[in-house]
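First chain written, first letter: the chains are A, B and C, and each begins at residue 1.
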């Protein structure tokens, strides 16, 4: 496919520039290596050269020019990947309200043709700010990589896989575009789409329009003389550029609804949210959709009415959400985790541990935070696991990743070592201080 | 004969009564409500009063006779909370006079805003409802509910008890969208603590208002030179003296519990109203304190998603089992005619038919303190009578004739008139 | 049948596995189309195969003794808004691109509550904020199934229109936070919007016709979901359910539909239908009305509960609908109002909440009466369904038991225990102290 070729080329270009000046050769010795793509290797060495993994295994010896890190009690993981996030992207800000601006709000959209809530052409890698505080925060949490997406609007824009370190945004980009991020939030009652079904109809019309637009452009390109040129439509260009679409779906009914909708578009689809996925895991397996599971498990509201009778189905969702990953794994659905707003390293580990406690295999959990995201986005050939030739993104911990006492020792991103800031106190303690 | 004496006295007293208010309903099945049903009996109405009941009554020669063969005679029904005459067209605010501005308006009287020409009155009447509470409902103390007859040239004609109760809309903590009796708007609190804080503030205001009223009561009794009349506080005196009950609307269990607490603290005689949720403890307390309850529509959705589908259908039978005095109300104007069906709806869910009937007749009269005049077919009571071809609580039943204080009631309505007019449109 | 999933965690859904044969014995059967018959109903593979005074029970058949019970066809509601995650695409005056089919909510407890009121099928309609609204979806109340499992397979699609106060409201006031007024502001404008939309649809139809006649070497026209739904209407493939109140607007729509060459399948609400019953009958339109609602707005002030009876007598196909998740639970009692107001026969009254509604959705070959060949959608009452003292005991859809009062009662304790367990588990420490509960003293 043309689109993915462009992506690969761009990724390669990004790597070349990331290489830059010569990097130290690093050998992590005597560690427990969780490759993600294969078995866990005890007492093994990982050699990193020029930003890439050079070798891994129990019999690998550290090269003479290597900076050797003795790691007898350390665990080496592929760099943790947040499969859907906005790390490093500026917070969506409303347009500046200059004089006069306040008196002229955008006119209400009259239908799909006005392309409301649409910025499908926006690309995440063009928005990444390497010095954004969230880049550091993500790294502190053990993430080396993130699939970042613009999130404002219904067609929010196109995601990019970025490494969470670099001086320039261009150096950070690993792959782009990953896909089109869709939300299903109506624009309010008076502007189209003003309802969930309006949003669905809008999305459907846009994909129909995109296909018609492509055909029209192709016909014009083949024989422009004597034909009226098709009007350029950036909203459709953005949709056509996106190799896949991401649709929100938390509840079983939404997972089914979005799967059926996506099937109409005949494009690879990723469903995100997925807390109720256990109820429809076999169905999802059959549909072939990929799933991103939010690690922000549903919780009770912070200051609830003690007498409000929450519905049993909401209580059940809270109870069962952490079991969704295990069910997906069992059914053979390709899934990955995303932080979903959980920032503190301890909270993240606790969230993954909940999934493990609910039946998810530990190594499957590791894959869901590493290789699976790369596979879902079609970049597993050069990142996501500890294999020779892949990008040297590694997360090194002082214990098994999902034990509460475990700390992130350091991460390697494109072969460069970063040490995390001391972990922030856990949320509970902070609240008490307040 | 004793009866003749009564007749004479009644004639002297009830100058509005005329010869047309004296008649005999013969061979009817009587449902007096105050006692067991009586098949094939007669009812003698003299000057608007039920003068005698029995199978073979001697009546003055020339008395008009209504043949009740195959028909059923009931007392007129009472709707214990309505906006009849106060709200004509729901969506047109110019036609509604239900909710006044301000939190404390005990001086307001619903009856003065009842439009005797409202189309809702004949419509409600035509299905056997003869009396209703007109209920104001703005702010916290909304004003005085009045009990009225659903017929009259003026609201004064209709007046049965113009200050039947003071309406207190009990404040609630509500974070939910559908709290039926709560005052939820755009300013719904974001958290429970915030809601609780606002509730406490409102409750404090309410307490202060009662304190002010008590101080005023003392000042008035003391009769000091500086005493000046305050119309709001003056209106509270019958409440403080226990002469006027407070009708407290509270929908959910917390509000009901809070309302009971408040009433105890302030030593108020209350009628609970609009209640949709009870706990066994609440039922016991309500029973122990002898508080009567006005129930909103039985045919209503459960309050919470997981509640049993029949949660609201079973409330009347729960109250009955506990021995609590209760009556039904529609809290509406256009749907008052369906009051008997709200009562009937509780029957398949455990309430006996006769208790359902009582809750729209005699028990309502008891709650409003007018059981000496209305609510049952008994000697000496007003002849508010409904003659029907079947069970009054069944939808299919047709009302054949009605009397209010012995006066025959016109059963035609805006609805029958429109129907008659267009049914006669040529093909 | 399309794939459907059972989404329920509890055991509420499909209370019985579908036995191949089921015989309901000793029932008072209100067939609606063929009067009352005391006897038995034989169901096989979800369909009624025989209704007779006596039926020989086939070997292996399940038998239900319905002694003392009345069996009527499952109630059909031609106007409901339950089980949908959105109702109104209120932004535009023509919103035919949207449809309830996309947002069916199988978790809506209203489905179960409707079922407990004997409803087995409902027409889920778009709201009335626009002259031409969204597409409708017919659902069976198969509680526990997913959206696909709820959908009435094979039901003809529908669309909502709306006349009068609602669609013109946003032309008269910038409500709901709008900054601009939206055309139309009058009933004249409502007519204009609908005419314009159909003229557009005809142009679109012609464009596609021309393309299909000679596709070679041409790019297909852009598909327009909004106009496609209207082309369906023009081609008789989509039923129009038009919200209306006043006689003038009803007549306007009839004349407009005649002019543009389509039919109005039902007039919804149609509170003044009695004034133009002749014209509605001549158009062949049905009327789906309330039994006795009135006076909630100006256009509902000339309502009369005799409406259904008058229209019925003038030859209009009449159904009584709920438009409410509550009223929906006792449509049988609403039918009794047609007997009260206008003395409609009991069979005709029951038809107004069953077969007539089914006819208005063109699914009467499948449901709406108790006849051989029809889906075994049945409601069992412990009294005559036109009595206020009757309640639903069991409800079957496709021969499967979906509601059983005894089982409902039996499961309550279990559900309540589960709630308590989960609530306790999910409690956070900060939820506990200092909260007032019911009955706790203020001090």
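In the analysis below, a residue touches a chain if its C-beta (ideal position, glycine included) is under 8 Å from a C-beta of that chain, and two chains touch if they have at least 3 such contacts.
No experiment lies behind these values; they were computed from the predicted model shown.
Asker: Could you tell me which chain's Cα centre is nearest to the average position of every protein Cα atom shown?
Answerer: Per-chain C-alpha centroids ranked by distance to the global centroid put C first.
Asker: A-C or A-B: which has the larger count of contacting C-beta pairs?
Answerer: Between A-B and A-C, contacts are more numerous in A-C.
Asker: Report the inter-centroid distance (CA atoms only) between chain B and chain C in whole Å.
Answerer: About 35 Å separates the centre of chain B from that of chain C.
Asker: Roughly how far is chain A from chain C, going centre to centre by Cα mean, in whole Å?
Answerer: 42
Asker: Round to the nearest whole Å and give the separation of the Cα centres of chain A and chain B.
Answerer: 62
Asker: Considering chain A alone, which of its residues make contact with at least two other chains?
Answerer: In chain A, residues 302, 304, 306-307, 309, 311-313 touch at least two other chains, as defined above.
Asker: Quick check on chain C: which residues sit in contact with 2+ other chains?
Answerer: In chain C, residues 109, 415, 419, 435, 437-438 touch at least two other chains, as defined above.
Asker: Identify all positions of chain B at which a residue touches two or more other chains, and write them in rising order.
Answerer: 192, 253-254, 305-306 - these are the residues of chain B that touch more than one other chain.
Asker: Residue numbers of chain C touching chain A in their complex, please.
Answerer: Residues 3, 5, 7, 9, 84-92, 95, 97-100, 102-107, 109, 126, 134, 146-148, 170, 176-180, 182, 219-220, 222-226, 415, 418-419, 422-423, 425-428, 430-431, 435, 437-438 of chain C touch chain A in their complex.
Asker: Okay, in this complex, where on chain B does chain A touch?
Answerer: Contacts found on chain B: 173, 175-176, 191-195, 252-254, 303-307.
Asker: Under the stated contact criterion, what part of chain B meets chain C in this complex?
Answerer: Interface residues on the chain B side: 88-92, 119-120, 192, 253-254, 256-258, 261-262, 265, 279, 281-282, 285, 299-302, 305-306, 308-310, 333-334, 337-338, 341, 344-345, 347-349, 353, 393-398, 414-416, 418-419, 422-423, 425, 427.
Asker: Which part of chain C faces chain B closely enough to touch in the complex?
Answerer: Where chain C meets chain B, its residues are 109, 112-113, 116, 274-275, 277-278, 292-298, 300-307, 310, 313-314, 325-327, 329-330, 333, 336-337, 339-342, 382-383, 386-391, 408, 412, 415, 419, 435-442.
Asker: For a test of understanding, state which residues of chain A touch chain B in their complex under the given definition.
Answerer: Touching chain B from chain A are residues 302-309, 311-313.
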